[in-house]
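The following blocks contain the structures, represented as structure tokens.
Next, two complexes with chain A in common: one pairs it with chain B, the other with chain C.
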Partner chain A sequence: MNPTYLIYTAIVLVAIGTALVLTRKSLLFILIGIELILNAVNLNLVAFNHLYPQNVNGQTTTLFIMAIAICETACGIAIMIQVARQYKTITPSSIQDLKEQA
Partner chain B sequence: MSQSFILVSLICCLPFAGMLMNLWLRKYVAYTSTFFLFIINILVFYFINQHETQIETSLIWFKLQSFSIELNYYINRDSILLLPVVSIISFLVHVFSIGYMAYEKSLSRYFNGLLFFTASMLLFVCAGNLIVIFLAWECLGLASYLLIGFYREKTEAGFAALKAMLLNRFSDLLLLSAIILMFAYYQSFNLKEIIDSQQTLPQLVGWMLLLGVLAKSAQFPLMNWLPSAMTGPSPVSALIHAATMVIAGVYLMIRLSPILPLSVLHGLTTIGSLTALLGALAATQQFDVKKILAYSTISQLGLMMAAVGIASPQAAMLHMISHAFFKAGLFLGVGALIHHLEENRVNKEINVQDIRNLGAPYKSYPYTFYTILIFSLALCGIPFTSGFLSKEYLLTQAWNSKNSLSIFYFVFIILTSTITVIYTTRLIVYTFFNKSKENFNSASSEKKPVFLFPLIALSIASFWWIINFNPFHADFYFFSKTTFTTPVWLTIGSTLFFPVLFFLAFRYFNSRDISNSPNQLLLQGFALDNLQQKLFVQPTLFIGNLFLSIEKKWIDGFIHVMAFATVLFSHIISFLDYWLVDGLVRMTYKASYTLGGWVRVSRSGYVQHYLFWFLFTAVLFIIWVLF
Partner chain C sequence: MIQFVFYFFIFLTLASAFALLFVRQILYAVLLLLVVMLCVAGLFILMQAEFIGVSQILIYAGGVAVLFIFGIMLSDKKGFSFTKVAYTQIFSGMGIALVLGSLLLYATQAVKKLPNEVKVKNDVQQLSFELLSDFALPFEVTGILLLSIFIGVAYIAGKTNHTQS
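Presenting the complex of A and B:
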């Protein structure tokens, strides 16, 4: 299998993930977008492992990363719950503490 | 400190002690202290009269480098005679005041004034130093000011006090200059040293001295404060006219008479004679009882002053003493009468001091009437009174004197005495014998001992025996025996002339009503008020107004321009400050704000925007790294 397609797929995933992160109003979708970007990276690891057929480092690392990604997602959701408690919303555009108060 | 120093100091300080006690104890302290004063004075009088002829004692008051001013007393025969007189009269006036002022407020102030007056006079009599004399002199002026203006609620009392004060200040200025010049001439303030030096004063200083005592002794051009001073309470008038204040000037002249130059003596005789005549003339036209007496005092003071001028201070002294008793008596008697009449008048509008309203039946007020009669007879110089003897002495001295002006003075005494008889009779007749008036109820209330005692005491002192046992020989007990002989024709003449004149004047006034059209010039006291108003008050006011307008126009104008300029300048400064200094600061912050605004556009506050920019930069960075 030509890894080129995998790379293309990864690029598409990164693009989709980035689009999700930048455009969606809900934190849930932003988190999903981040997950997509992460999985694009995983896909890259698998794809570039084709250059070294004698080992499976890429695949193994991907498995680890996926496990950690689950933890990370849990953390993200936990943060989301805290945000929801604090601000009564999970829409980033209505949380503007970084900006000067109008 | 010698014994006599303490004794004399006691005399002067006792009234001050009385003043202090008066502040706490209030009641009766004043006259008690004057009573003690009177006793001490009598004792001093006896001791000194027995043993010494003069006391000169001193204490260093303060030092100016090597020169020291002494607080010294110089008591000679004149002072010894005056001390008991002053204290007796002061005592009687205090007693009288208890009754007279019974219904007044602020009695404490009143008695303090009287005590202060007495103290100043005693200090003046004893003082042996020109500085102390001037001090006491000024104290007298102050005391008279306070007492003349005692009725503070009356406007005219305030003006009268002010007039007395200002006229006296005018004279005092000359007196002070004379004292300073005397120091320059004698190199000493000590009275005894000055008199013992036997050097006659320079003309200029002598004349300044003469002018300096004119106001205090109410002599001709400066006499008009004395009639105005009648707005004060009657006992105060008695004290001013008899024992203190007005005799101070004569007394000072008596003390300094050994060193006065001849021209000043002539000046004294002239002014004194003139004052005597003018005062007597003015007295004949007055309607106010107390003003008649005031002008009478002026005229008698003129006689004393003139007596000093013919180099006969003894005559002046004798007349001063006899006059002190009967004039104090007259004022107290009139005061008592006023007091009784005020209680018994029909309505409140009647002015009891105006003889046109009077006509009190003398039988209702026998004590007051008879004592006033005795004092008046003494004033007229009727035989068997002290006034007769002192006038006799004056006439004799004038007749015997070698002075070129003495005949002139002699004529003036006779003229003045004649007019004195006339105005005194007028006063008596219109006050007591005018029966047509129904202004007063006949209820009598005069038997109060506080009124009677001083009057009776003074009337006893108005007879011949206080001067000599022989009622026709005017040689005073206490004078050093001189070859004194009155011409027989003079004694007989005055013995017959004055009673006959009195009788005729009595008949004349009793037979006609009081003239309602007096000579205005005499009624106004020779318009001296107007004259002084024109000569001094109006120019002073003119100068004052001139300065006022200058101040308003120029000084105030300058200040206004300065103020305007300051405000204008401040406005310019504030404008510059606002637009230059503040403007720069404002520009800086606005520039920062605007610049920041531009940068801040990208800081929208949306997390995703930041993320976008981050990614954008990261992509740019990657592109830069790769290519």
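Presenting the complex of A and C:
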């Protein structure tokens, strides 16, 4: 069980999460992409903590990242529900009330 | 055997994450995200971070996935304009993601020289000591943050606007 494979897995997860955030039109998919990126960070921290087992700073940081991630998801979904009520769509590019008229 | 389970979890994580790129239905996407989370939890446990693995299952599988599913199911679909094409700027987005991934792969070339096996003791006790001594202030601040976030979220999501309808 080489931690190197975990680091490569984390890299692929970051790339897939970035692709989801950049190419999807739905706010929910964008949130899922952000979750993937945060998970990749957690994987990286745990892998490196496995290599340096004299302290558990990596695992502690992982716990804090999890708490922040659930805050971010809750906020995002609340904002998404409110945007869906107000604009009847959850595509970010079609929400353009404050856009300057061309 | 353990080796096989380790590679199986890695394969399942990557396969589900890759399938996320192509799935169209949001509910399937949430279920795939759940598979990714559970496999990552399994990897945590195999990396001898048992407490983190169990927290991952509790928080992500129990919290985030349920939050996503409620977010989908509780939003009313009346007069909702569904987008026809689910993708936007697909080539530039995929290109940026590919470039980012290969840059990170290039930057982590030194990782190849990492040692293979490190004997670690089961350190939940050490984790709890550290969490309540060195990280006591961040721990409390995170608690306050969670409380305020959930009050705010309940307020934002519960508000109905009377001006539009």
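Everything that follows uses one rule, which is that the second predicted complex is superposed on the first by the 96 of 102 C-alpha atoms of A that agree within 3 Å, B and C clash if a C-alpha of one lies under 4 Å from a C-alpha of the other, contacts with A are read in each partner's own complex, and residues count from 1 in each chain.
Convention: a contact is a pair of C-beta atoms (placed from the backbone, for glycine too) under 8 Å apart; a residue touches a chain by one contact, two chains touch by 3 or more.
Since the model is a prediction, treat every value here as computed from it, not as a measurement.
*Asks:* I'd like to know which partner A:Ala74 touches here: chain B for first, chain C for second, both or neither.
*Replies:* After superposing on A, A:Ala74 lies in contact with chain C but is clear of chain B.
*Asks:* Kindly classify A:Ala47 by the partners it touches after superposition: chain B alone (first), chain C alone (second), both, or neither?
*Replies:* After superposition on chain A, A:Ala47 lies in contact with chain C alone.
*Asks:* Pick one for A:Ala15: touches chain B only (first), chain C only (second), both, or neither.
*Replies:* It touches chain C, and chain B stays clear.
*Asks:* Touching A:Ile30, do we find chain B (first), chain C (second), both, or neither?
*Replies:* After superposition on chain A, A:Ile30 lies in contact with chain B alone.
*Asks:* Check whether chain B or chain C contacts more residues of chain A in the superposed model.
*Replies:* Result: the larger residue contact count on chain A belongs to C.
*Asks:* Given the touch rule stated above, what does A:Gln96 touch, chain B (first), chain C (second), both, or neither?
*Replies:* first
*Asks:* Both chain B and chain C touch chain A; at which residues?
*Replies:* 18, 22-23, 93
*Asks:* Give the list of chain B residues in touch with chain A in this complex.
*Replies:* 600, 603-608, 610-612, 615
*Asks:* Can you list the chain C residues touching chain A in their complex?
*Replies:* By the definition above, chain C touches chain A via 2-3, 6-7, 10, 13-14, 17-18, 20-21, 26, 29-30, 33, 36-37, 40, 43-44, 46-49, 51-52, 55-56, 59-60, 63-64, 67-68, 70-72, 74-76, 79-81, 83, 85-90, 92-94, 96-98, 100-101, 104-105, 108, 111-112, 114-121, 123, 126-127, 130-131, 134-135, 138, 142, 145-146, 149-150, 152-153, 156-157, 159-161, 164.
*Asks:* Within their complex, state which residues of chain A touch chain C.
*Replies:* Where chain A meets chain C, its residues are 1-9, 11-20, 22-26, 28-29, 31-32, 35-36, 39, 42-43, 46-47, 49-51, 53, 55-57, 59-60, 62-64, 66-71, 73-75, 77-82, 84-86, 88-89, 91, 93-94.
*Asks:* Which stretch or stretches of chain A touch chain B in the complex?
*Replies:* 18, 21-23, 30, 92-93, 95-100
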